[in-house]
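A, B, C, D and E label the chains in the order they appear, each numbered from 1.
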Amino acid sequence: MNQSLHAAADPIIVIHDLVKQFGRFAALRGVSAEFVAGRLYAIVGENGAGKTTLLRSLAGLTQPTRGSISMLGTTDLRSVCRQLGYMAHPSLLYDEMGGMENLRYFARLYEIRDDERCARTISAVGLDPTLIRPVGQYSQGMRQRMSLARALIHDPKVLLLDEPFSNVDARSARQMTHLLTQLRDAGKTIFVVTHQASQLEHAADEFVHMEAGVIVRRTREWMTAEAP
Amino acid sequence: MLRRAFPILGVLTAALLSYGLYEALIGAPIEQSMGEVQRIFYYHAPSAWTAFLLFTVNFVASVVYLIRRSIKADILALVTAEVGVVFCTVVLVTGPLWARPVWGIWWTWDIRLTSTLVLWLIYVSYLMLRRFSSSGQTPLMAAVLAVFGALDVPLVYFSIWFFRTQHPQPVIGGGGSIDPKMLQVALINWAAFLCFAGLVCWSRYRLELLQREVEETEALEALLDSGGAP
Amino acid sequence: MSALATLTRASLSKDLRLEWRSKDAINSMLFFALLVVVIFSFSFDPTAEESRRIAGGLVWVAFLFAAVVALNQTWARELRNQVLDAYRVSPAPANALFLAKALGNFIFVIVLEAFMTPLFIVFYNLRALGAAYQLLIVSALGTWALVVNGTFFAAMSLRTRSREIMLPLLLFPISIPALLATVEGTTAILTGDYSPKFWIVLLAAYNVVFTTACLLLFDKVLNAE
Amino acid sequence: MSALATLTRASLSKDLRLEWRSKDAINSMLFFALLVVVIFSFSFDPTAEESRRIAGGLVWVAFLFAAVVALNQTWARELRNQVLDAYRVSPAPANALFLAKALGNFIFVIVLEAFMTPLFIVFYNLRALGAAYQLLIVSALGTWALVVNGTFFAAMSLRTRSREIMLPLLLFPISIPALLATVEGTTAILTGDYSPKFWIVLLAAYNVVFTTACLLLFDKVLNAE
Amino acid sequence: MNQSLHAAADPIIVIHDLVKQFGRFAALRGVSAEFVAGRLYAIVGENGAGKTTLLRSLAGLTQPTRGSISMLGTTDLRSVCRQLGYMAHPSLLYDEMGGMENLRYFARLYEIRDDERCARTISAVGLDPTLIRPVGQYSQGMRQRMSLARALIHDPKVLLLDEPFSNVDARSARQMTHLLTQLRDAGKTIFVVTHQASQLEHAADEFVHMEAGVIVRRTREWMTAEAP
């Protein structure tokens, strides 16, 4: 593991006093944090803690009400969107198209026209690129993997994954975890939001605990967040 | 400063409004062909002018919002649209009330009538959008729609110009000759309406601003409460 | 610019391919269009002379209602599984998506119109007295006017509650000049009484203004939130 | 029977209460109805004589379009969070739900019509030559015909993809006789040329037949799957 | 615990060769099982194993393609629907109404017009009956509990719960588990479908493992279903 190597490294993402308000409700209320490259961060917390909102802010899908995010040295997230892979709870795929077809379309959005590369990415997540079934007929586990392939197609430096294991059976979850570890070892920075933190017990470098819109603590090991 | 001025302005507006009412009902001369009905004019036309002015402000505020994302511009756009729709409604109600005895029909597809109706429709749809859109995106969506509406107005005007040429011409105002006393009363009423509209917009603006501030602090407080749990 | 064109092509061809594969939307819309024509024929029973005078209005009101139903489906596919978010995190320009959708809708609505027109002609015994080629110009311009704003407002109404009803509420008021110009232009051509020139020019101006506005503002609407 | 009545009342009052609380649906529908009237008025420009002859058709086509949009929302509330399943696992009779929804829609559509009619009268300068009270009978019967089938088919189209478009596809063909009777009845009353008796009887028969059919079959539709 | 007491008892539910086909796909392929009263059964299995379909068949929401279900001695499920409480993954509540208002309406469906009883049921699941906020504004955990209250309002003998803990934070899940144990101890027969079987490790009397549309085994203890 390369934790010690990176501990002194410059942070790849700096969040400063991030506030996100939805009408009357503040989903994030002053999140400040730094994250260094090449690690796997598990973001955990109760329902409504603001995990998804934080991830969407990082992805540039939500404009923060206040505060700033700087990624790879810039605060203009739009300009670094090529370095960012985002996987949400919904699959972000067209149900009516096959896996390869989907990926080819999304590759186009990144100006990639290389079918070989699409096929390789699909194989990398453990699916068969020649499968012609529409994604809508995939099982939940296959769909999640396909969704991961979509997030990986442009080989981004930072990966944002929102509950990749939810509603996935234990075996698929383990395979996915293994894949994530490999990606981390290959130098990617990975954020995983999950309710099943135990899944990542051995894989994650750090657990980021969120509560009511703030990061309350960051730990190396996962422990059940019992009441004090 | 302005808060102190409010009651004074209020009294002034009330005085102006009552003076306008007196002049409209008693002061102004009786129109020869239409008789007493014509007195509706002193409410009809100034309301229209006020509404137009408010819609113009709405457009400007919307553009400012699109450029600067300023909350104040958004609130200004909202209140001018609301008050403008009210005045526009007054025009649309007084118009047919007047038309019925004078022209014998409630409505005709005359350019002025029709374009007023379309304008009203556009701004009602604007308010509908504001009401229905999910909170975070309302200002942006509304501003975009306001720009579309403003772009539409000249086109509406031109299109209706050529539309259905058989409509009866308005009885007065076509030639442009108007009794100076009548014009004077109309202008007094307009001044009163403008003051009134300005005051309503102002208080509505303050109210909306306060409401948003309250919402913001409420949100933070609610979270501070629940955040203290662990 | 070229990136815009290629991405527009990619999106459009994806939509057309999916449409073609299932044919659900087009089949149901064609049937709906047929029903609208039939309902209109049952409800109005004009004499030959009258029919020419009101046919422009009839046809375009029918087109309008059919088009609104079609336009409401525009973004359905992008919304399922939140695919739109995948587009938004990518570097692809928002305009490409807009153009692809607008062009797709244009093709769709034109197909509908091409299907409904002969039905109307049969049911109402219509025959143009003016120049028929002008009808094509008016139809194309009028349809684009409807579709470009419709696509835009459909995207806007995504962010609202009760989405389906929102589209006509936003679209109709703004479209009144375009609709008027189209109806009057069509009537002018059908009756041959007066020249449709003015209406064609007006429609062209409307299209230029609103296509520009849509392209300039779509980015904001797509990324709103 | 009495259980049916109380449950119908409970469901209906719940719907009306929720409707009243937000007023969103009624506001947007009223505005939509206004827009439909305006669009129709722009598109058709009949002379006084003609207008009386085609007004029946115009008005009812406009009502029909407005009603379909309203009917499409009927089950939206029951579908969110799959509340319908909670109803289905309960011992409550399916008919109570159907009657409540149909009555709710009837009230809703009647309100819409009461709002649109004066607008049509103003814009078209209409005045009935026949007995006006007959108009009320025809309207009530015609509306119920529309609403009872509409509620039923809206429930059927829940199980289909592209739900919104499905409702008119099912409803329009079945409703053609009712629509025809309503339009002809209205025209008869407006012009005073002939007696609307026949059409009223036809409408009444239609209503009896289809209300019975709906009540008998709704249980199957609700529990289908 | 009253397991031994009921072991010899007559089964309350008997499923015989249940098959449910969706078009070409068989979600249940011949399920046969007996369940006795007063126990808490946890139904576990991978995605698409047919757990939800089984539960919906028991609730009478889905007509089986073949086979039969007899409950409380009858195969006409409609006639015993008063003895059945069903809680699905969606809340089955009206978002726009308050908790009490919702419950009062659903009570009516069971011909219960007793406001006292509604209030008691709400208190029983740990919510405040006087809360007037619409359910749509409840947190996920509150909504799940409210949904449980709805399933309990008519005091059914059999409870069918589909993933009551999913997307609920750990604390709410523990409270819910506790509540279920109490209900079981009060004599109700409870079926809980869940992916987080560990949640029910100590609470459930029996784990019913499903795979690809059949029940593959029933165990007293939960163990991770490792590949053989």
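Criterion: a contact is a pair of C-beta atoms (placed from the backbone, for glycine too) under 8 Å apart; a residue touches a chain by one contact, two chains touch by 3 or more.
In this text the structure is predicted, and so the values were computed from the model without any measurement.
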How short can a path of touching chains from chain C to chain E be, counted in steps? 2
Tell me, which chains sit next to both chain B and chain D? C
When B-C is set beside D-E, which has more C-beta pairs in contact? B-C
So what's the Cα centroid distance for chain B and chain E, whole Å? 57
Distance-wise, how many Å sit between the C-alpha centres of chain A and chain C, to the nearest whole number? 39
Centre-of-Cα separation between chain B and chain A, whole angstrom: 49
Give me the residue numbers in chain B that touch at least two other chains, ranges are fine. 121, 124-125, 128, 132, 136
Specify, in ascending order, the residues of chain C that touch 2 or more different other chains. 161-162, 166, 169, 172-173, 176, 180, 225
Multi-chain touching residues of chain A, meaning two or more other chains, are 225, 227
Taking the top-of-page definition of touch, could you list the pairs of chains it picks out? A-B, A-C, A-E, B-C, B-D, C-D, D-E
Looking at the complex, which residues from chain C come into contact with chain D? 24-25, 28-29, 31-32, 35, 38-40, 42-46, 50, 54, 56-58, 60-61, 64-65, 69, 72-73, 76, 161-162, 164-166, 168-169, 172-173, 176, 179-180, 183
Residues of chain E touching chain D in the complex: 59-63, 81-82, 84, 86, 88, 90-97, 105-106, 108-111, 150
In the complex with chain B, residue positions of chain C that touch it: 149, 156, 159-162, 166, 169-170, 172-174, 176-178, 180-181, 184, 198-199, 202, 205-206, 209-210, 213, 217, 220-221, 224-225
Which stretch or stretches of chain E touch chain A in the complex? 45-48, 139-141, 166-172, 195-196, 224-225, 227
Report the residues of chain B in contact with chain D in the complex, numbered from low to high. 96, 105-107, 109, 117, 121, 124-125, 128, 131-132, 164
